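First subunit A sits with subunit B, and in the next complex the same chain sits with subunit C.
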Partner chain A sequence: MKGLLFMKSLLSEINKSIGKNDDLYKWSQDFGNIQVVLVGLSSLIDFPKTIQLLEGQIQTVRHSSEVIVQQLHKIGKVKSEKKEIIEAIFEGELIIFIDELGLVISIDPVPKTLNRSIESPSSDNNIQGPLSAFNEDLSTNIGLLRKEFSSVELQVSSYTFGNSQKKGLSLLYCKDQVNNKLVENVTKQVESNLDKMLYTIQDVTKMLGLPKYSLISSFNTTESPQEVYSNLVKGRVVLFLDRLPYALILPSTLWDMFAIRNDENYSFVIMIALRLLRVIGAITALVLPGLYVALVAVNPEMLRIELALSVAKTREGVPYPAFVEVILMLVILELIIEASVRLPKSIGPTVTMVGGIVLGQAAVDARLVSNLLIIILAASTIASSTIVGFQNSFTIRIFKYNTLVLASIFGVLGVFTGLFLVCAYIASKTTLGIPYLSVKGEMKSG
Partner chain B sequence: MDKSLYVVFMYIVSHAGLILFLYPENIIASTTQGHWVPIVIEVFVHFFILTVFLKGLNYFPKQNDLITIYTSAGKIIAFLFLVPIFLYFLTSNIITVRGYSEIITIVFLSNTPLWAIMVVLLAISSYLAIKGVEAIFRTGVLIFILLFPLIIFILVISFQNVDWHYVYPLWVEDFSFFSQSSYYKSYFAIGGVFLFLGFIRASIPYKNKYVLIAATAVIPIFLLSVYIPILVFGQATASTFLYPFVLAVDSINLTWFMFDRMTMFFLLSIIIFILLFISLVLWMIVRVLSKCIAPSIKPFYLVVAVSLLIFIICLFIPSWKDVEQLFLWNTILRFYVILGVPISVVILGIKSRLEGDIK
Partner chain C sequence: MNIKKSKIYILLVMLLLLTSGCWDNRDINHRVMPVVLGVSKESEEEYKAYLQVPILQEDGIKTQIITGVGKTINEIVDKTSANLESNVDLLHIKVIVIDRAFAEEGVKDLISGIMRSREIPSKALVAICEEDMDEFFKKMSQVELSDGTALLDYFEKNAGWNPQIALTRVWHVYRSIHSYTKDVAIPIIRLGESTLIEQAGSAVIKNGAMLDEINSDETLLYNAFQGMSAHGKIEVLDEGSVLILDNGLNFASRLENELPILTLELQLEVMILEVKGDPTIEKIEKELEKLLKPRFENMITKLKDSEADILGIGQLFRKEIPRAQLKDWRSKYYPNLKFNLTVDVTIQNSGNLKEPGE
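So, the complex of A and B:
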């Protein structure tokens, strides 16, 4: 009798706090001679299938009520607190109230399929290599990785973050390769911040105590299990955040900008050539706009006289200084890049076309900018996209302004000092004690 | 982890920066024939002080840097050596900042005021000095990879206008260069750099063997920097120039190259090397200050204060003549430091070893 009362009050309390949700599903069901109430969210649970499964498992006819309860115990967990019951409901579990015994059991139901299937990567494109990419589901991602890296060395630890809302985070590393100090550092940070809420990479950065204002991402993100595997073997730590279809690789290094594992699916010479191309791309993107300003506005005498004259000719009638000209066009270019990310795929090409016309033809015809500048900017934008990882190309895009500003004041000296400044910045960056410019092997040995 | 490679790159880069600038002029002014003789003597001196210095440092445990070696030897010795080291670093930074800004204005920024160039040189090297010694050395690696191929290319291509007859006479008749002050000035190229080996022992461990390899790798730069201008212009002409090597590079003419002047790229690379050197010296100055005088002040403020001081002193140097004068004063200090420091370190090392044995 006492159990019945307890049940009633519990049910009504739950009703009071979350009963207004229309997807809260309550269903009375008889298993043999026991009457139970099933509670769960119909948006997360496939009820018909779940009930079918339950009935099949319990085989009501033959057993007495005690056996049924025993079986329920086996497949589920007993809950008694109101708070944990509500949490379990929102995590997508099915709650079984057994009135007579005053017992609440939560079990894992058949979930609704709310995840993408495994698709090909959307931002880490590759041509000749494995195509499966991570998606939003944590366990799918870990599963994908287990397939890629089936070894006892792969260690997975999972944590749940947040108070009112739970978020899963998994920490993966390769036991015999990883720098123990790095794992210790990361684990310490993770365990002391379990009450923080994690939504975005910025939250993870803050949680790990990494610098907030850094221009270089402390993480290297990737969608490809192959890439994660190669990083694990190199002794790095990988984080998966639930609902984030990326692996966060810690720490990132400069060489990640230029090399991916998939390069090794080509022949050695091609691999070297590809990586060299990316290095050239990065340097071009950094230097070219600045060099244009320096050569046009400050040090025209550096060019051969024929070249200097033809450069001057292209700028004939352009009403403002080279620096303003470059900044103007660069801003428009950045706007186009941003717009093409934002726009739906069907309208995207329109922007590209309009941008192309505006940049390529109209602006030059109207004598607003020189056509040499268009070539320079196009080259530099294309070059900055050869970098591996979108977050790294942001870095290059920002650094480019540093060289540009210095070049407009000090000419070619400014370009070189700008490059020096970038080198100094890169060299001074460390992530959890490991330098961004780490040499081979520095990650290991701990 | 062994970081000898960092040290090798830094050693080569900062030597290249110093040698390719004032060194040729000094050597060419000191003798009219057989230039390799004074150079080789200088290289021998270089190896001598380097081995003595490294040997001396080896007597002490790895975590002892030059400052702790001197301060633990008593106040008088600390004063006798650390003050000259400090002054020497300060003056050499003043000379490099002022001297290199001068050549920048001469060669490619004739409209930009001198102070603006000094500001940018000092600001950037202070930034790096604030970031610490490891950042300086890692930057050195990047810079080496980016710009050293360019320097080698220029060194090779500058043989374009060479006339081999200018090599003669091969032997010196008298050793009169010993009496020339410009010969002693040329020791600036070797005097400035090697001391950093005593400062970085704790933070960047290195093997002595690699340092000697780096010093060997620098020898061709010594020879080429003097012989290229001589072979291009001849001794008589080359001795009239202020920057003979720069002019020799200026004489290169490559028809396929889109830029008119190789000199720019050459000079800019040298200036970038020198920026590294300036920041390293700044870091060492601040290290001495914060360990001996003001341990409570953050290195950040010390770097800013020291570079402000250098900037103000540079502003008070009106012309190239005064830089030369400062250079000459610096020579006395330089010989005190480059001979005194290695020898004193060896003596202190042996002394401490003996004391350890007695205990």
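So, the complex of A and C:
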């Protein structure tokens, strides 16, 4: 009888704190001669199937109540604290209250399917390579990776972050290849910050104690299991955050901007050519707008006279100085890029079209900018998209302004000063003790 | 990043923007970019400068000539710049044309002025004009379809230059003024009858003043001496003509009793262009050697007499003559130079036809 009272008070307490949720489901059920109450969230649990399954398991054993309880013990965990029980409910478990015995057991029910199926990547497009991409579910992602990397070397450690709300984070590395100090560092950071709440990559950055103001992403993100595999083998550490369909690869290095594993699905020569193309793309994107301003406004003597004359002709009647002209068009271009990310897919083409007309023709016809500038900006924008990883192309897009401002002041010298500053900046970056400019061979010796 | 640190960064950016002095950067369409600068003496003290400026037009490029008179080139440019709607930017000047009379008088000050100036590039080419300058530039601006770069193209190695034309830049002239052992030749141009420009050999320049002239055949040898006569053509009077494919020069220099002695071997690899009759290869080679040797010898003798060392023979004796005596090279050693020249011609191929005489 003591158990019954305890049950009653526990149930009413739970009711009091979370009972207002309409998806909280309570159901009295008889298993043989035992009366139980099933509690769970109907939004997370497929109740009919769960009950069917439970009945199937218990009906096969037509024994006394002790046996049934024993059976339940086997498939579930005993809970006693109210807080524990509420947490279990929100994690999608089914709670079984057995009034007579004063026993609370939580079991894993049949969940509702709330995840997308495995789809092709949406931002890491590739042409000739595997197409499965990670999705929001942590265990699916780890499963995908286990398929890609079926070896005892793959080590997976899972952590749960947060107090009131739980968030899963998994740490993966290849035991053989990884730099032990790096794993130690990451594990230490993770374990000492388990109470923090993780929602976004910024939270993860903060949790790992990585620089907040860095222009270079400390993580290399990818959607492709193939990419993660190749990084694990290279000795990197990979983090999966629950509900984030990306793998976070630590540390990221400069070469990640230019090389992806999928290049190796082409022949060697083509792989080299592709990577070279990306390097050229990065340099073009960095230098071109700055070079335009430098050559047009500060150092026209660098141009051959024929070229200088035709450049001067395209700028005839343009009211703004070259720097203002470039900034104006660059801002419009950035707006178009941002808008085409934001907008629904059905409206996206409209923006592209309007942007294309505004940039391409009208601005030149109105003599607001020179048509050479349009070519330069188009080339630079296209070039900055050849870089691997969207977060890296942001970096290049920001560095571009650095070169541009210096070029407008110091001319061609400024372009090189800008490049020098960029080099100095990326050389100064380290992620958990590993320099951003480190190359393959040094990773292990670290 | 604390507040103090960010304040310093903001200050640095402000300094960069405010103290960089970039406020007077002019865009390319607000600059007048002359490509040719002509200089003559107007009076004892005043220069007259001609600026040949390509002007953009709807249907192409037209040439405009701007002239000005003043005591210095900078004064003239300043004056014209003030009168023009755009700023004159001398950085694009590619050719500097000097009036012959002025060149004979000496252009030392002008050349040093250009070298000192940060505006006019020291790599601009120098030419001497035999014609009246007013006439010359008037013709320049009248040329049909001229894009303003005609004179420039004439000297461009990838356009109109050929090895009969000396190629001398401002810094070469400046170097020759201050060197003990090297002078320069400056091409002489005049208006052509059927072509725009005609070349009339080269001027021998010593200490910034024109002393003598060499003709275009001699200029070809001068260029061969500098190692840049490839694709020059030589007429062999009786047998036809050949094209120089490659040239090399071997020399041995020694000093005997303060007398410089030079053994020179000029090697030419040539290709047959035209032949008259059926001369054998050996005959052509021999004829060519016979033609070139006296030509070369005459030139050196002429130069020796004028004490202008445009071939830079003095450079070859630098290891023999002590530094202290080097300044006497032109006056003491050079006129007494004894030289022994051999010309060695090899016919490398005979074009698309078989060798003549076979």
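Criterion: the second predicted complex is superposed on the first by the 443 of 446 C-alpha atoms of A that agree within 3 Å, B and C clash if a C-alpha of one lies under 4 Å from a C-alpha of the other, contacts with A are read in each partner's own complex, and residues count from 1 in each chain.
The rule is simple: a residue touches a chain if its C-beta (ideal position, glycine included) is under 8 Å from a C-beta of that chain, and two chains touch if they have at least 3 such contacts.
Just so it is clear, the structure is predicted and the values come from calculations on it, not from any experiment.
In the superposition on chain A, contact of A:P435 is made with subunit B only, not with subunit C. Contacts of A:I118 after superposition on the shared chain: neither subunit B nor subunit C is touched. By the touch criterion stated above, A:E301 is placed in contact with subunit B and with subunit C alike.
Judged by the touch definition given at the top, the superposed model places A:S408 against subunit C, while subunit B stays out of reach. In the superposition on chain A, A:I332 makes contact with neither subunit B nor subunit C. Shared-chain residue A:L419: touches subunit B; no touch with subunit C.
In the superposed pair of complexes, A:I18 makes contact with neither subunit B nor subunit C.
Touching of subunit A by both subunit B and subunit C, each in its own complex, is seen for residues 298, 301, 305, 409-411. Of all the residues in subunit A, the ones that touch subunit C in their complex are 213, 295-298, 300-301, 305-306, 308-309, 311-313, 315-318, 321-322, 408-411. Residues 283, 298-299, 301-305, 307, 406, 409-414, 416-417, 419-421, 423-424, 426-428, 435, 437, 439, 441-442, 445 of subunit A touch subunit B in their complex. Within the complex formed with subunit A, the subunit C residues making contact are 1, 16-17, 20, 22, 25-29, 31, 33, 35, 54, 56, 61, 89, 91-92, 94, 121, 147-149, 152. Interface of subunit B with subunit A (complex): residues 1, 5, 104, 108-109, 112, 116-117, 120-121, 124, 127-128, 131-132, 134-136, 138-139, 141-143, 146, 258-261, 264, 268-269, 271-272, 275.
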